[in-house]
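In the two assemblies presented below, subunit A is common to both, partnered first by subunit B and then by subunit C.
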Partner chain A sequence: MAIQPGSESAAAVAGQEIHQDTTVKWFLLGAVGYFAVVGIIALIIAAKFVWPQFLGSIQYFTYGRMRPLHVNGMLFGWLLAADMGLAYYLVPRLCGVKLWSEKLGVATSILWNVIILSAIVSLLGGYQKGLEYADLPTPVAVLVVIAWVMFGFNIFATIATRKYEQMYVSTWYLMGTILWTAFVYLTGNFATLLPGVTGVNQANLNWMYTHNAVGLIFTPAGLAVAYYFIPRCANTPLYNHKLSMVGFWSLAFVYVWTGAHHMLHGPISQWLQTISIVFSVMLLIPVWAVVYNFIATMKGQWHQLGNNVSLKFLMSGTIFYLLTCFQGPMHSLRSVNAIVSKTDWIPGHAHMAVMGTFSFIAMAGVYWVIPRVFHTKLHSEAAANWSFWLFMIGGLGMFTSLWLGGFWQGWQWNNPSIPFIDTVIALKPVWMVRFFSGVLIFSGIVLFFYNIWSTALGSGKSQPAPAKAEGRVYAA
Partner chain B sequence: MLHKTDSNAIWFVAAALGLFFIGGLLTTVAPPLIDKSWAKPFENHDPAKGPTGKLVDYTAQEKRGYDIYIREGCKYCHTQQTRTLASDVKRSGWKGVDSPVSTPDEFVYDYRQTFGTKRTGPDLSRVGGKYSGQWHKAHFNNPRDLVPGSIMPPFPWIANNPDELAALVAYLQTRGRAKEWRPDNDYEK
Partner chain C sequence: MNDYTYPSVYFSYFLFFLLAAGAVYFCVRSIKDGYWGRDSEEPKYRMLEDETQHESQPTGAGAPRRP
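Here is the complex of A and B:
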């Protein structure tokens, strides 16, 4: 017997009224706003690959400052904030109680906005730690830690007061996210700065963080959201509870070992490289367990994809997850790594993880949650559908052009008689395709932003949707 | 046992952190204890054991240049590691002589690791002494003047600031210089 985010039940209808969801609204509307703003930065840096002089002589807009802003803005301003907002939505519902404190939640959201705005100013000003993904200057990183403790406390306190003893998979994944993030973030942002930590040692700590920012922050947060919304949107029970345990506990054990695979063939101890390769291949276990569970849940339900935008995002996210997590272990094999490492293939891979998988899943959640917390209908289903196709076509254009280009680039690098500059010039058409794919993706972001904000702002005016309860049922 | 974690949050927290810390500690705290070369600066005076030389700490000016390298995000386009790949030692090489591969003991004074993840531009681990200060000045002012087809951004605010330019060039000229491996010792200043 497993607990499910289920359909209407008497208890659930009664439970509906208890949720205030103020924190959810604050976090999600902010996240969607930053998605649009940082989308502009993304487009600018894609343009700089094609027109290197573009905005080039203004120091605040130089590539080396815009790129960390793009990365940190997307990771913390959009994706993590969206996942946090969705956590504030689903944990109270899975526990059958109110959020422990809406006041604390709103305060966390305000602090989060302070963090993102200071990040924008400091990164463009060139104030950065110089550690990838941990670029934010230390005072801002301290604020992140404080905000994370406020978030974690609120969620754990909600879980502690839960009405249902057994916890659903999403609850585990969110608890895991909160705990692991704390240590992963401290390692990358503070342990790296301890006296005497330099060179390879610092890089190793940096990689433990960077790798696990994706593996133990965005992965469990995104999977928590997907485990909730796939059954919820398709209105069907999750396929198998035991399988979800296999996926979760193997993730908890395996992921953290793999950081050094980012320095294969590089100046880091060989034995550490080998360990990271072995564990990277083992990553296939948690991934396949999760993907099988999602796909099997959809058995007999695929027809729903046609008119359900959230499900479209969720299931394409699942497929991208399968692909990106197949690429990862393959890149860690020494022979493959010798070709693709440091090439444009890698941003193709990274975008399939962070955009294709986890942003798709978060957007599915946002499209579902915003109309419900504002007690209204989505502003435009047609625009939502368009946004999906823009993301999909733009995303595929970007991934495939970067893979093909990157593979070709790596092949040329391995022939030292080709001068480096020729390998730069050869990639120009690829970067052009990437830029125009970026234009499509950005149009998708704009539609998403417009739709979500119009739904929120117009909620007073339009007809309230029939109150649809969201509770839980116990399914066999 | 893991079934308990389903309904008991304390069990859950213990298991989630326990499993995480096994790999976490073994891959972060243990390696520098096992592999001493991570913290011991390179020094070799015996040609039989490979390239000779000694890694020295940065001067104040070189540190300023290092900070500019961080500030401008050069590391998002440049790596600093000659990997154990045949093509890497050739590309980092000089006049047909292969460069030595990068080893951990060459980076002990790097207070911000600059190994990098992406080679939009060439690797810089052996760029010290490859070009003159004059070349760097013109290159920072507009890379396309010297290398047609380059997509490196212009850095006029550095090229036109003698202090910053001198510091950044001083830093670049240290790259890869701990190991003496060029046959004629012909390094540009």
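Here is the complex of A and C:
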């Protein structure tokens, strides 16, 4: 059942009167800004693989400092901040009330900016813990915990005052994100530093954190956003709410046990490896529940993809989600893992998850939300469309080159007669493709940044969009 | 042969056992709260109208049932 287009704009006008959305603006504009800044870092790293001497004599631009800055900047500066901003947008609307405290939300945003700027300074200065995804120095990590408590309190307090007893699935996913993040972040950033936690024990905790950072922070946050924006952008109800609950609860039961699959064939117990493999394969259940629901929601609505950029990002993100979550269980199998583990396959897989899936979904949300909260039109539909295709073509180039290169690398590594340096030299063409794919992706980021900031900065100069004329007046 | 991974396994799996226990508790509660019953599809219709429903509906009331 599709909803008539005209009803949406009236709804949007009513929403504008109720919601202040200051926190949404602060978080989203900041996230988009960091996306552009950290995109430059990503490009420098990709260039270093092809031309190792590039900026090599400047300590701040060495690989050891650039890489953690890229990872943490993209994860916390861009993606998590964008998801938090979108959560501040959708939770009050789903609950039928105002955000519990706009002041607390703005304070959280300010603190988040302090965290990201501190992270940039400290990581560039070489102050880091040296743990995957947990590189931030402990004082900065403490600030992250404080900011997360402020965010969680505001969201839960809003949900507690909701007008409707039954919550939409996005609300469930966001509540899960907040609670799971508390456990996961504390494990990765603090439990790993406890006295006696060294060697393989530290690695076990660290990988448990790293995998669950993707699975229990970015996955539920991204799915919350997708469950909200796919029906909203397509203007049609979700296919099946009960099925979405099956996906949510199966994710809650299955995901937490999978982290040890990062250490297959490593010096950890065989039973621990087997548990992680079994639960990794079981991940196909929540993934299928989610993807089937999204695809079925679009039944009879696919024609909208042609002129709806947000929907393009959302459905491409859905396909990348299916692919990345098929890859994950498959390379958790011991036989496949023996080839791809520690190779370029892994960054190819990780980039499809974090960029191809969850960044695509977040960008769809940002393109949808920014014109609405600033009560204007998107600055340029054409630029938005171009950004999509730059991300898509660049992303496909990067993912496929890294998968193929990773397999190639793994086969070479499994042949002891090949000197290691030869395996490095052999990968140069792959890294060249990655660099030029990165140039395309970065161009997409620049267009995205320009479009979003121009929309925000130009909102005061232009007349408000004629919201009651037709549906989708805000575009995207 | 000693298994030196036990301290971290006990710690991390205890934390995640707590999460799984919480998931079981809230999943059972969701059944009690009607998320798996005949009204379980209601939120997906209501979310499409969430902007217009504000301030006009009494607390705790669900939106009108859809076909």
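Throughout what follows, the second predicted complex is superposed on the first by the 450 of 476 C-alpha atoms of A that agree within 3 Å, B and C clash if a C-alpha of one lies under 4 Å from a C-alpha of the other, contacts with A are read in each partner's own complex, and residues count from 1 in each chain.
Convention: a contact is a pair of C-beta atoms (placed from the backbone, for glycine too) under 8 Å apart; a residue touches a chain by one contact, two chains touch by 3 or more.
The model shown is predicted, which means the values in this text are computed figures rather than measured ones.
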So, after the overlay on subunit A, do subunit B and subunit C clash or fit? They clash
Per residue count on subunit A, the busier partner among subunit B and subunit C is B
* Asked: When the two structures are overlaid on chain A, which partner does A:R232 contact: first (subunit B), second (subunit C), both, or neither?
  -> second
Q) Can A:S57 be said to touch subunit B (first), subunit C (second), both, or neither? A) first
Practice prompt. Could you say whether A:H265 touches subunit B, subunit C, both of them, or neither, answering first, second, both or neither?
Written response: first
Identify the partner contact of A:N415: answer first if only subunit B is touched, second if only subunit C is, both if each is, neither if none is. first
Item to complete: Using the touch definition from the top, say if A:V200 reaches subunit B (first), subunit C (second), both or neither.
Response: both
Practice task
Would you check which partner chain A:F190 touches, where first means subunit B only, second means subunit C only, and both and neither mean what they say?
Solution key: neither
Query = If you stack the two complexes on chain A, which partner ends up touching A:F436: first (subunit B), second (subunit C), both, or neither?
reply = neither
* Asked: In the superposed arrangement, which partner chain does A:N240 touch: subunit B (first), subunit C (second), both, or neither?
  -> second
Open item on the list: Applying the document's definition of touch, where does A:Q166 land relative to subunit B and subunit C: first, second, both, or neither?
Closed with: both
Dual-contact residues of subunit A, meaning touching subunit B and subunit C, are 165-167, 179-180, 183, 187, 191, 196, 199-202, 204-205, 208, 245, 249, 252-253, 256-257, 259, 267-269, 272
Seen from subunit C, its contact residues with subunit A in the complex are 3-5, 7-9, 11-13, 15-16, 18-20, 22-24, 27, 30, 33-36, 39-55, 57-63, 66-67
Subunit A contacts subunit B in the complex at 48-49, 52-53, 56-57, 59, 62-65, 67-68, 126-132, 156, 159-160, 165-167, 172, 175-176, 179-180, 183, 187, 191, 196, 198-206, 208, 216, 245, 249, 252-257, 259-260, 262-263, 265-269, 272, 275-276, 279, 338, 342-344, 346-347, 413-416, 420-421, 424-425
Per the touch rule above, subunit A residues touching subunit C in the complex are 1, 3, 7, 10-15, 18, 93-94, 96-97, 163-170, 179-180, 183, 187, 191, 196-197, 199-202, 204-205, 208, 228, 231-232, 235, 237-238, 240-242, 245, 249, 252-253, 256-257, 259, 267-269, 272
In the complex, the residues of subunit B that touch subunit A are 2, 5-7, 9, 12-13, 15-17, 19-20, 22-24, 26-28, 31-32, 34-35, 38-39, 70-77, 79, 81, 83-88, 90-91, 101-104, 106-122, 143-144, 147, 149-157
